[in-house]
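Note that the chains take the letters A, B, C and D in the order they are written out, and that residue 1 is the start of every chain.
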Amino acid sequence: MRRIVPAIFMAAAAAAFAQQSNTVQEIEKYRAALGDGNPAELWEARGEAIWKEKRGPKNASLEQCDLGLGAGVVKGAYTVLPKYFKDSDKVEDLESRLVTCMVTLQGFTPEQAKKDPFGGPGKKVAMDALVAYITAESRGMKMSVAATHPKEIEAYELGRKMFFFRGGPHDFACATCHGVDNQRIRLQDLPNLTKQEDARKAYTSWPAYRVSQGEVRSFQWRLYDCFRQQRFPELEFVSPASIALTMYLAKNSNGGTFNAPSIKR
Amino acid sequence: MNVGRRKALQGTGGAAVLGLAMAAGLFRPGTAWAADWNKAAFDTKSLNDAVKAMGGAGAAESKDITITSPDIAENGAVVPFTIASKVPNTAAIAILVEKNPNILAANFDIPQGTEPWVNTRVKMGQTSNVIALVKTADGKFHYASKEVKVTLGGCGG
Amino acid sequence: MKNTKIIVLAAAVAVAAGCASMTQRDDAALNAKALELMKASFREQGIAKLDRLIQDDVQRLCSEYSGDKTLPKDVAERIEKAEQATIKYPADGKYLGDWKNGERIAQTGVGMQFSDTAGAAAGGNCYACHELTKQELAFGTIGPSLYNFGKIRGYTPDMQKYAFGKVYNSEAYSACSNMPRFGHNKILTEQQIKDVVALLMDPDSPVNK
Amino acid sequence: MADPMKIRANMVGDKVEVKVLMSHEMETGQRKDAKGATIPAWFIQNVTATHNGKTVLSAEWGPAVAKNPFLSFRFAGGKPGDKVAITWTDNKGDKRTDEATIAA
């Protein structure tokens, strides 16, 4: 059965081609029209204010937070994350590092710092605004995740295993949708995240303003919602697995030019 | 945009009744509301009723109005439109979405010295004709329309 | 800048070398560690409990033979045989339901996510991966086009039965297929699968127009 | 209080092109929350743009304008260094005004 099928589908695919290429062109036009005037800028502005605002029991700002390039360096910091941090003895991504700084610098409890990871209708949170501001400060710079420390290498390897892990009632793995070239889900192109070129394009386009939700979504949210749609249980915010998978994807994007926050469907 | 949302957008029983009451002249447009917000016009369901609520008699199709937008929107929550008018003495430009619960999305008054050109983004509940309506300084209405398809996206969940 | 590049390159080499020299035992240990990590990082939410992280044979084997590793023929045959035995064909011998319901099922992607309510009817989300009709432009390409499915293959009882089985348990026909096992994993009911089969096989369905 | 707008004003030929992003829910009044209760309408109704005290654009919006609205328009008579002010008012009476300087 499997063997005779392709020839038949080829014919159908050829007939569909003319109409399809037109659809793809129009979707491109749609994306281009939104590119000019990205509401993520509203988050970036709010995030910068929160970064500098004295908050928490210690009434301190986050301005002395070490995001990987030294205390207080925001410019380019996102391009080296995730990264091993000596002070916390952990591999941390941006969101995890912000939680660490909210605890050490501002005196929040870890629970308080992690309480509102994602915004929603009528609910503005500090985290995604901070993420928008900090990532925007890496725009135009090249991804350069080191992954040399043994814990970084281990995180990468574990992240790779997670990427191919099939589970849940639908048998989905990340690789189900993101392990093959040139495929689409509905009209959205699916990057093959095991390949450098696609991984670069995809990773460097997050965070993004999602027009379907009217929110800026961080990379932690991207993974959280992918696993929801994979029918897995809930991925915990800044959990070790989320950081390992981010390490795998971020490192695969090395050399790509960071270009976010972007705007997406 | 899923089926549930489409249904939600259609569930406008109350507003429809109010619209009828208004069409029957039971409410005077703009009374109990902000003086400069034309509630009557925003409650209408058709181009004709919208034109009436904006003080006109009818609208004529015009080739001097251009609607620039993608033919297919990746998501109905945000659909970008640029409307440009070459109709002499354009005084206002409105954007109407035929199949939305209420047809009028936005109206822009264009004073002298401002280009008859606007670029904004509207919501579309489903695939629909979109109408650009132009009012001239002497109170006449002209329009152009185009269909925009709204697609479903992503994992669909 | 130059320094960074050298470090990155060195890391890539180290990781690549690590993979090459990795023994099977190391790989199994890494799998176990990854599972531990996941169990510690996911929490049950709504209808999605942690048992969803426990893999059956198909999931385990297909995870193992992915990425750079190709699926050996004997493993594929083993999977297909075992999964074939799970298919429960309709007791009434009828495979065709209502194609209009089938179209709705094909359009809907809800069901079994932690944000869904228990017992709510799930969709098949066929359009996410397949072209089916000319009316729906927003279709995916993860799976092959199914346009004119019945028209091309003939509206035979055998083909109806094949379509039912394929939707019920795709792994029975193509080991490590990306397609969910809709019947086997109780995503769709028997009636829903019949409706989807009708969408593919009913001569009146837009799929065959 | 509502977040500030993001306003850009640039010379394009002899005209000023203004681009504005506003932070607003633009709730339609047609959506339901998780419990099935209707979420009340909440949207910007009026937008006014002025240059040197003169209105260069005024708009009436319904709830069909997209969330976090974007608006762009062009007017004559402005020059670099001039100020453009934008004000919006929503159906709850909330109001916000922001200003930008026209860039060359």
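The rule is simple: a residue touches a chain if its C-beta (ideal position, glycine included) is under 8 Å from a C-beta of that chain, and two chains touch if they have at least 3 such contacts.
Just so we're clear, the structure is a prediction, and the values are computed from it rather than from any experiment.
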**Q.** Closest chain to the centre of mass proxy, which here is the mean CA position
**A.** A
Q. Across the interfaces A-C and A-B, which one involves more C-beta pairs in contact?
A. A-C
Q. Just curious, how far off is chain C from chain A if you go by their C-alpha centres, in Å?
A. 24
Q | chain A-chain B separation of Cα centroids, rounded to whole Å | A | 36
Q. For chain B and chain D, what's the span in angstrom between their mean Cα positions?
A. 18
Q | Whole-Å gap between the CA centroids of chain A and chain D | A | 30
**Q.** Numbers and ranges of chain B residues touching at least 2 other chains
**A.** 72, 77-80, 121, 151-153, 155-157
Q. If you look at chain A, which of its residues touch at least two other chains?
A. 23, 185-187, 211, 214, 228-229
Q. On chain D, where are the residues touching two or more other chains?
A. 66-67, 70, 72
Q.
Going by the touch definition at the top, which pairs of chains touch each other?
A. A-B, A-C, A-D, B-C, B-D
Q. Can you name the residues of chain D that touch chain B in the complex?
A. 15, 26, 28, 30-32, 45-46, 54-67, 69-77, 89, 91
Q: Flag every residue of chain A that touches chain B in the complex, lowest number first.
A: 23, 26-27, 29-31, 33-34, 185-188, 211-214, 228-229, 265
**Q.** Interfacial residue positions of chain B with respect to chain A in the complex
**A.** 1, 69-75, 77-80, 121, 151-157
Q: Name, in rising order, each residue of chain D that touches chain A in their complex.
A: 3-4, 6, 19, 21, 23, 25, 27, 39, 66-68, 70, 72
(Q) Could you list, by residue number, the parts of chain A that touch chain C in their complex? (A) 1-2, 5-6, 8-9, 12-13, 16, 19, 23, 144-148, 153, 156-158, 160-162, 164-173, 175-177, 179-180, 182-187, 190, 194, 227-229, 231-236, 239-242, 244, 251, 254-255
